[in-house]
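Inspection log for the structure reproduced underneath, given as structure tokens.
Order of writing sets the chain letters: A, B and C. Residues in each chain are counted from 1.
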Amino acid sequence: MRQRAASIFIAVLAASLLLGASSAHAIAYTQMPTPQLEARYLHLIRNFRCMQCQDESLADSPVDLAAEMRRHIRDMLLAGKTDQQIREFMVSRYGYFILFKPPFVAKTAWLWLTPGAVLLLGVITALVIIRKRAVLVTSDPQDDDLTDA
Amino acid sequence: MSRFVNRFTVPLAIFAVLVVVFAIGIKDSPQKDLIPSPLIGKPAPAFALPSLTDPGRKVTSAQYRGHWYLFNIWGTWCIDCRIEQPMLLKIKQAGIIPIVGLDWKDDPKDARTYLKQAGDPYQSIGMDQDGAEAIMWGAYGAPETFLVNPEGIVVYKRIGPITERAWEQDILPRLPLTSTPDSASSS
Amino acid sequence: MIPELGEFALILAMLLSALQGFFGIVGPAVKRERWMAAVLPAVSGQFVMVAVSMGCLITSFVNNDFSVKYVAENSNSALPLFYRIAALWGAHAGSLILWIFLLAFWSIAAAIGTARLPKPFASRVIGVLGVISFGFLLYTLATSNPFLRLDPPWPDGESLNPLLQDPGLAGHPPVLYTGYVGLAVAFAFAGAAMLEGRLDRDWARWTRPWTTAAWAFLSCGIALGSWWAYYTLGWGGFWFWDPVENASFMPWLMATALIHSLAVTEKRGLFKSWTLLLAVLAFSLSLVGTFLVRSGVLVSVHSFAAAPGRGEFILAFLVVMIGSALALYAWRAPLLKSEAGFELTARESFLLFNNILLVTACATVFAGTIAPLIAAPLGLGKLSVGPPYFNPTFLLSILPLMALLSVGIHARWKRGSLGNRARILILTLVVSLVIGCGVVFGLFTGGRVLSPIGIGLGVWIIISSLIDPIDRLRRHITIPRAVLGMTLAHIGLGIFVISITSVEAFTAERDVALAQGGTTQLGEYRFQFEGVKPIQGSDYDGVAGTILVSHDGSPVAVMHPEKREYFVQHIGTTHSAIYMYRVSNILVALGQDLGDGRWSMRVQVRPLVTFIWLAAFIMAVGGMLAISDRRYRIAEAREPAIEPVGAVTRSGAG
């Protein structure tokens, strides 16, 4: 029984070594053990700003520092940290600036709420104007025969 | 509606506010590239690094507990660090506060040679060959210098070379008057 | 000699623009015919002087005159002739000359175009343009003179930033600036109306072609910039919500709103003060954009290097131009009233919502762009606002707009009621959504929740836009060019929506490290790396990789991405290889040399991406087609304006 298990084990090991050898030609540069980790990794490095080339994400920046930080993120992912923990690690060292997404905290709430507020204000204004104009329709004989465009 | 506050004057009012914002922006623009450190007021990262000058020994944050120190991140590849070098030597001369160096992504041989030629302002130097330590401090360029108090809290961060002005106006005033040249166990 | 001539011509131009402004604005006010007559010679003279000045600068570049500081900083004898000329607008001072030149060009075009309009009005239009020209000329001569000399002259120049050595550089700024600057004409029309104290349907009809023309150029300019970034930066991105990009996008959004608002003002005499405000704001945003890009207040890889004093001057200019325009607005706009009415489902209503949504979108982009400026004084430290903010907030206004579009174009003026069109519209909506779902879930895998909606809306816009023209054709009614142009522009928009949705949803990409002979698979595409070989250019050297691409087994392309090292500036650049296969783009970009013949690289497949820029071009063509409609060439009103001069009740505001 044990011998069987051992030989199976050796066979599997040999097979994986062989497979490993052939894929040595095509080792993914950012290879993560699972597709989920790879997806998380890509998502994370795309959403952190490179602190040296401040216009680029960690994914796109060619500088050493970015490579370092990518490695760091990779290590943290492999160590089992969650996305949130990784984000907090980065923010605790570099501040909110390293995120492309401004946080929703007291001081930035205005930024996130402005679009919705302006939209609401605009829609209300539009409805008020329409109400006022709709009343004028019958009393205004002009342009009843207009075509479009 | 009032004569001066109506929907026709609102655009002008908003523009006026905008102009103020832009004016402040212009005033502050020289500093716009400097990212304030979130570490200020927080504990400095604990470190235990191999010593550059004394292989086999470690430079640790524990050694500096109870003392003020400057944590200076540098490298031989960094031009601004060479500009900073004379100032650091002056600080060492003054004997008020020790400087702990972090040799960032450097070849140890190059670093040792450089210090022999240019002078060594550091009380101890830790090596950070893979860059992991610098990231812990939130460094994104060199030189960067942190002022750490005896409780291990980061009090101030200087991005770029320390100038006379920075030393006199930003660093010295933060030190207590009775600060004496300490000898934390050096490597 | 030549640079001095150029500088002298510029000074003359400045003086002439001052005269242009003075005679144009004061002439009608004091009712002096001779003064108003002086405007045309003044603007013509200004244009000639500016052209001479620009010609001198070009000559200096062509002749490699490195005694001129600007040439020395931006050019090099190893630079090909084409780029030596394009280097003119590669940096701040030269791009200002381009601005000034285009402004002079638009001014003289406006002078010719308004020749048959009432003299006082036309004079005021050109006068306002003169004031703007004066401001820019003064600014250039005072802070950014491109004709400054170097003593002693440099033996050779610093060369152009390699990223800018590209056909895209030749195309993008001139086209973009033509649009940017063109909005000044609408601004001038607004200024003239405010100075005169009246605004009628004819005004709207006169303003429309100029606005649409500027809008068309702006659309092309932005698209060119986006396309240029796409194939130059190599990582497949084409829009980053970068402050400089936003600086050109905000005027575009305002101009789009303005075009639609002008339609209502022309047809029904409604929204007058609103249209007036939009005309002022569109160009104001151009000016604010200029400020943001050149003053150094914002961090951006695109922004020009800032020198001290530049920001303050532009800000002062902004205060004078925009401040006085808005003050004029506050004073004059309350006089503009109309008594026309319309129903909830009428065309006016849809256009009102069009404007609300576009302006909201613009406000959103504006908030995100200047947030870092506000954050600092508020004690927020450094704030960073990127795509994760802009994308969702922008969509918040734009998605409803896309949905309303398909219905709105069928709404009739004043009374609404779609009639039997309503049934067709519902049918086409259902069909579109089915197509959307089919494409997303059937043809491709992946995609997000919004993808079927995005594609469905795009398809619906196209189908809906075609209903009316097809109906007219069936009934043998001629389609006016204005309608044709509008249809084309909306179809372009539909294509745009479909393309962007596809790219966002269906792009496949991967970063890999490959050795010689190594392969990687991306869906049905297979990439095989065949190593790199050295390359040489006139001012660079580097390596070019060879990658064989196949789809489903059959060979598709051999691609050669490059990495270049430029001698003079010691800058390395990456040139990605892009190949168009069916409707997708295949991209390969080299990363780093990992040693032992192994290289890291990025491979991508992006479906429909090229149609994004094609769509923008189609929109611009639609706009230009609409302008060519005969009715814009009629100067006189066919019927009296709704509000004749002086008949408006001056009851004060409110």
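Heads up, the rule we're going with is that a contact is a pair of C-beta atoms (placed from the backbone, for glycine too) under 8 Å apart; a residue touches a chain by one contact, two chains touch by 3 or more.
These figures come from a predicted structure and were not determined experimentally.
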item: Far-end chain from chain C, centres as C-alpha averages; value: B
item: Pair of chains joined by more contacts [C-beta pairs], A-C or B-C; value: A-C
item: Inter-chain centre distance, chain A versus chain B - centres from mean C-alpha coordinates, in Å; value: 31
item: Computed distance of Cα centres, chain C from chain B, in Å; value: 42
item: Mean-CA-position distance for chain C and chain A (Å); value: 27
item: Where chain C touches two or more other chains at once, by residue number; value: 299, 381-382
item: Residue list for chain B, restricted to those that touch at least two other chains; value: 33, 35-36, 38
item: Chain A, residues touching no fewer than two other chains; value: 54, 95, 97
item: Of all residues in chain A, those that touch chain C in their complex; value: 24-30, 47, 49, 53-56, 59-60, 62, 95-102, 107-108, 111-112, 114-116, 118-119, 122-123, 125-126, 129-130, 133-140, 142-144, 146-149
item: Chain A residues touching chain B - in the complex, by the definition given at the top; value: 51-52, 54, 64-65, 68-69, 71-72, 91-95, 97
item: Complex interface listing, chain C residues touching chain A; value: 235, 237, 240, 242, 263, 267-268, 270, 299-301, 339-344, 347-349, 352-353, 356-357, 359-360, 363-364, 367-368, 371, 375, 378-389, 393, 396-397, 409, 412-415, 468, 480, 482-483, 486, 510-515, 517-520, 574, 591-592, 594, 600, 642
item: Contacting residues of chain B [partner chain C, same complex]; value: 1-3, 6, 8-9, 11-12, 15-16, 18-19, 21-26, 28-29, 32-33, 35-36, 38
item: Interfacial residue positions of chain B with respect to chain A in the complex; value: 33, 35-39, 42, 105, 130-132, 134-138, 140-141
